[in-house]
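In the part that follows, the structures are each spelled out as structure tokens.
What follows is subunit A paired twice: with subunit B in the first complex and subunit C in the second.
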Partner chain A sequence: MIGVLASIIDGVLVGAVYGLAAMGLTLIWGVMRVINLTHGAIIVFGMFALYFFVSTLGLPAYAAVPFSLVFGFGFGVALYWIAAHRVIDRPILMSLLATFSMNMVLIGIGTALFSTSPYNVPVSLPGLRWQAYTFTGTHIVAAVIAVAIAGLLYLLLYRTRIGKAIRAVAGNRDAAELCGIPTTQVLSFAFGLGIALAFVSGTLIATLFPFTVLSGQAYQVKSFVVTVLGGLGNPAGALLGGITLGLIEGAATPFMPVSWIPIVEFVLFVIALLAFPRGIFSFSRS
Partner chain B sequence: MNANKLCLFIAAAFLAAGPAVAQETLTIGFTVSQTGKLNNDSIAQMRGFELWRDQVNAAGGIKAGGKTYKINFVSYDDESQNTRVQQLYTRLISEDNAQFLFSPYSSGLVATAAIISEQYGKVMLTTGGAEEKTYRLGNKNLFQLYSPAGQYLAGAVQALKQINANAQIAFVYKDDPFSKAVAIATRELAAKQGFKLVLDESYSPDTTDFGPIINKVISAGATALIGGGHYPDGATLTRQLFDQKAGLKWVTLLVAPDSPNFATLGEAAVGISVPSQWEPQVAFKPDFGPSAAEFTKAFSAKYSIEPGYHAAGGYTAGLLLQHAIEQAGTIDQEKVADALNKTDATTLFGRTKFSTEAKEHGLQLGHEMVLAQWQMKGGKLSKEVIWPKSAKTAEILY
Partner chain C sequence: MIWRRPFPWLIALATALFVLLPLWRGSVQLRESLLLAAVYITLASNLNLMIGYAGYVNFGNIVFFGLGGYFCVYLVNDWNWNLVLSALAAGIIVSALAFLFGLGILRLRGAFFALATIGVNEAIKQFVTNFEPWGGATGIYLSLEAYAPLGGPRQALWIVYFMLVAVMALSLVASYAIKNSKLGLGLLAIGENEDAAAILGVPTPRYKAIVYSVSAFLPAVAGGLYFFKSGIIEPGGAFDLTLSIEAIVMVMLGGHGTIMGPAIGALLYEEMRGTLLTIPTFSHFQLVIAGLLLLVIVLFAPGGLMGFIHRHWPASRKFFE
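And now, the complex of A and B:
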């Protein structure tokens, strides 16, 4: 029983980071109806940001978090103008192809720079011990930072002028334009924000596990599951979706072979799509 | 005057080109996982091939039947994917006219490449293809260098038996053909030795978080963990076992800890053991080719990194092909295959002898593995041979 609880707690801690990653994906979808397939590549770049900070510059690991937010934002704004701006009002397939192409370009650049060899950034923090089980300090800190960043995003969206503008553009772009909101700038800001969230989640994941240039794919797939669980376009739902996914993974693992867990995840994905198309937390928005 | 000089120059050029025309080229084809999940070990294997080629060409080439052959490689990046291997080995044979083949890395990719090499009747030396099944399909041109998968963890079980016969073992292994073949054979071996098996879990090749599995290992009360797969998953599992203080006294993982890169895990690597096809410390007396020490020195000088068994396996593949061609006195496929069938020799890699029985042709019979363990020596991580006793360079850390 203690083992099950330990597994659930572990799952929730990692789930918060999955949630943060998915918030970036869902924010971009919610504001501009773009399915961002560069998501996995951006997460990987966030991982290498940590490697650069710690192994190359010799700086403390968590100093990379604010850097990742700022750099990720700038990178995201640039990416918006390169890959997203011209296809936003076109059919969804266009934006899908544009971001897919950019994903291939980014992965190609990453492979050329870093190869696909594994990288490890040793980050060690004292953890909490409960009987035979240890909750590592890095998992706890990553979860706390993920929730804190999610809180900041909430404040930005609901307590600031730019947040109001983002929500207005997400609700009705034409009406927002008529009200004098510079929608193009708001869209690039929101895209930058979404990329920054993916970037910083990559940085946090790299404090937990070794990684390669190709690691982003697995997290991108998880982000899609989390996004659907939490409701497309709903950042708060994404965080809850991430935590829920982690909780389900943690609760299921003690009772079944771990190789079955991805099957459970995708069954949930399909159920959520069919039964809760607005996400399993949609009641909170009604 | 100028015309005379031109004539002299042309004549000199023809004279200089004369000996080169007499020299022939032997093309060897293979794919390398330059990218993808297998690149760490596959690139090491390729470096072994390349060092052999460079040394042979520097020495003038392979001499056989009154001719000298310079080695030419044609290789492509298979991206660690089966579909690429299938396309590229066909291309290597039909378009690039490769006369002999080396295998890609890993059992899964070797199985795919073997179908193509057999279809075209090309001799292929396999390194990094330990799973036995491929050699039990009636292939006639496949020659395995590595000890088969079933033998990988036999040394680990024997060593554990000696240290703690009451150990409770958790088997945690990657869900791929090689790792599963090893796990099945080792599970039977461990059960025969009287060990209690408390957990048997395979994990998806895409697993990024081993936390839930480690909690299961702890809940099962395991004191030893045996399994793993390849580099990325093995490195992640090792780091999380350390971070989560899983309390295991014995951990043996496949493949990953053999890589020199494993030392980047720092303290987490200490005590982790790995079945190894070869270690630089081995002291076989080679019938031909360099000793392990000479190979290690040359490899380290060229690549600024100590070779692991993947690199040594790659080099030895070249060495054995060269020996077979020299013995056959020709590059004719059938005669070279005959020479390989007759091979029973010791190289820097140890003994090599291929099965010639039709039901398992090419399966490796002569080679023996060692068990190595990462230990801290003078504040630095080093990989020591701990099993068998006759080959050990350090005591077992338990």
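And now, the complex of A and C:
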């Protein structure tokens, strides 16, 4: 029984990182109604940023986190102008295809550079011992960083001018434009922010698990599940959704082989989509 | 009369070329490349029913192909059914599954549906990987005896090729028939504006489930024939998301919503892919090039090749539908 509890706690720690990744996805959807299908590829690039920092430059692993935020932001702004800008007001089909085509390009480049063999970045931290169980240090630190970044995002969105502008554009772009907000710049800023979150969550995931160029797909599906659980377009819900997913994964792991987890996630995804289209945490149904 | 219109003749001509060209040249290499083209055309045409007509992006369209392959190979291998029967049974089973499933997930609109289809592919791939009767991760290998009823492997390959060409022709005919039917009009209306269509009396949930199921049938049959020909089926090859995406590129390249477009797109893409794979520098960048191609089409020519032709020569609409 205690083993299950330990597994659940560990799941929640990892879930906070999933939540961080999903916040990037949900932010972009909330502001510009674009489902960012480059999400998985961005997470993978975040993972390789860690690999680059630790294995090539020999720097400490967590030094990669601020770098990832900054680099991911720049990357995201560039990506906005390449793939998202022209499709924002077009049918959803077009934005899905445009971001997906960028996903193919990025994965293709990644495959050519790193091949598809697995990589592992060893990060050693002392763990926390509790009875017979040890909580891995990396899991705790990753969860703490994820929650801290989520807090920073909250401050940015609700306590700064640019955050107010982002929320205004998300609410009604035309009205925001009429109020003198340069909406195109705000959109590119929000897109950059979303990509930065995905990128840094990739960096954090890479401190926890081994990865390949193709891992992005699995984490992208997780992010979708999380966003749907938390309600699309709701960053706070995404963090809670991530923790919920981690909790469910943690609770399921002792009882079934790991390879069945994606099927459980998918079933959950469909149920959540059909039964709670606005997310399980949206209390206000206005 | 349907035979007065040029389009059915074009389908007949294309099919005849597919049948006669490799026979005339006696070339196995040509047959293999046309076989791949026939599979691509089947996938692209049926995907077009969803993307082009109803405006629903199905990222997991390859799941039909892979599942059809699994059912067919399983029936041939473990139950010793004959090939035609197995392929048809695979088509019917997959189609029925798609219908049931479609009733559920087609309640989702636009982006949500697209997300769900990615999930469907991944979940079914994981399920099959864990499913022992289908060989789990190693898959099913056909023994040579499976080819005996068709007169040995060499002859079997030709027979399978002709069957695949027939499936391809049926796909084009189905695209044509659906576009000119009440169902097709309803789907096009859904593609334009689903709420308006529903208000005007189009039974949208049923039509969507029907087209989802119809677009599953022929790819499943083609999958059955294709994996029978390969002699091996395993989860990675059967549920290859890349092929799913390539099918979308084909549809967009040729022009979604048209009948010939996806077929032409598939042919062009097959040629391009073949060329790129043989140039060493590009063989690693196949995905990158397909992605860039898709991006350029989406951003600058959303109508694809057919859209371009129709815009510049409006008279061509009569001949190339």
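Going forward, the second predicted complex is superposed on the first by the 277 of 286 C-alpha atoms of A that agree within 3 Å, B and C clash if a C-alpha of one lies under 4 Å from a C-alpha of the other, contacts with A are read in each partner's own complex, and residues count from 1 in each chain.
The rule we apply is simple: a residue touches a chain if its C-beta (ideal position, glycine included) is under 8 Å from a C-beta of that chain, and two chains touch if they have at least 3 such contacts.
Note that the coordinates shown come from a computational prediction; the quantities given were computed from them, not determined experimentally.
Asker: With both complexes superposed on chain A, which partner does A:F209 reach: first (subunit B), second (subunit C), both or neither?
Answerer: In the superposed model, A:F209 contacts subunit B only, not subunit C.
Asker: Where does A:E249 make contact in the superposed view: on subunit B (first), on subunit C (second), on both, or on neither?
Answerer: In the superposition, A:E249 touches subunit B alone.
Asker: Look at A:Y158 in the shared chain and tell me whether it touches subunit B only, subunit C only, both, or neither; answer first, second, both or neither.
Answerer: Neither: A:Y158 stays clear of subunit B and subunit C.
Asker: Would you check which partner chain A:W81 touches, where first means subunit B only, second means subunit C only, and both and neither mean what they say?
Answerer: Neither partner.
Asker: Identify the partner contact of A:F266: answer first if only subunit B is touched, second if only subunit C is, both if each is, neither if none is.
Answerer: Once the two structures are laid over each other on A, A:F266 reaches subunit C alone.
Asker: Classify the contacts of A:P257 with the two partner chains as first (subunit B alone), second (subunit C alone), both, or neither.
Answerer: A:P257 sits against subunit B and subunit C alike.
Asker: Touching A:T111 in the superposition: subunit B (first), subunit C (second), both, neither?
Answerer: both
Asker: From the superposed pair, tell me which subunit A residues show up as contacts to subunit B and also as contacts to subunit C.
Answerer: Residues common to the subunit A contacts of subunit C and of subunit B are 111, 217-218, 257, 259, 262, listed in rising order.
Asker: Which subunit B residues qualify as touching subunit A in the complex?
Answerer: 34-37, 39-40, 175, 201-204, 206-209, 211-213, 215-216, 218-219, 231-232, 235-236, 239-240, 243-245, 247, 261, 264-266, 268
Asker: Within the complex, which stretch of subunit C touches subunit A?
Answerer: Where subunit C meets subunit A, its residues are 51, 55, 57, 59, 104-105, 107-108, 110-112, 114-116, 118-120, 122-123, 126-127, 129-130, 241, 245, 248, 252, 284-295, 298-299, 302.
Asker: Once bound in the complex, which stretches of subunit A touch subunit B?
Answerer: Touch residues, subunit A against subunit B: 2-3, 6-7, 10-11, 14, 111, 115-120, 122, 124, 127, 129, 132-134, 136, 138-139, 208-210, 212, 214-215, 217-219, 249-250, 253-254, 257-259, 261-262.
Asker: Taking the complex as given, what residues does subunit A use to touch subunit C?
Answerer: Those residues of subunit A that touch subunit C are 29, 35, 82-83, 86-87, 90-94, 96-98, 100-105, 107-109, 111-112, 217-218, 220-221, 224-225, 228, 257, 259-260, 262-263, 266-267, 269-270, 273-274, 277.
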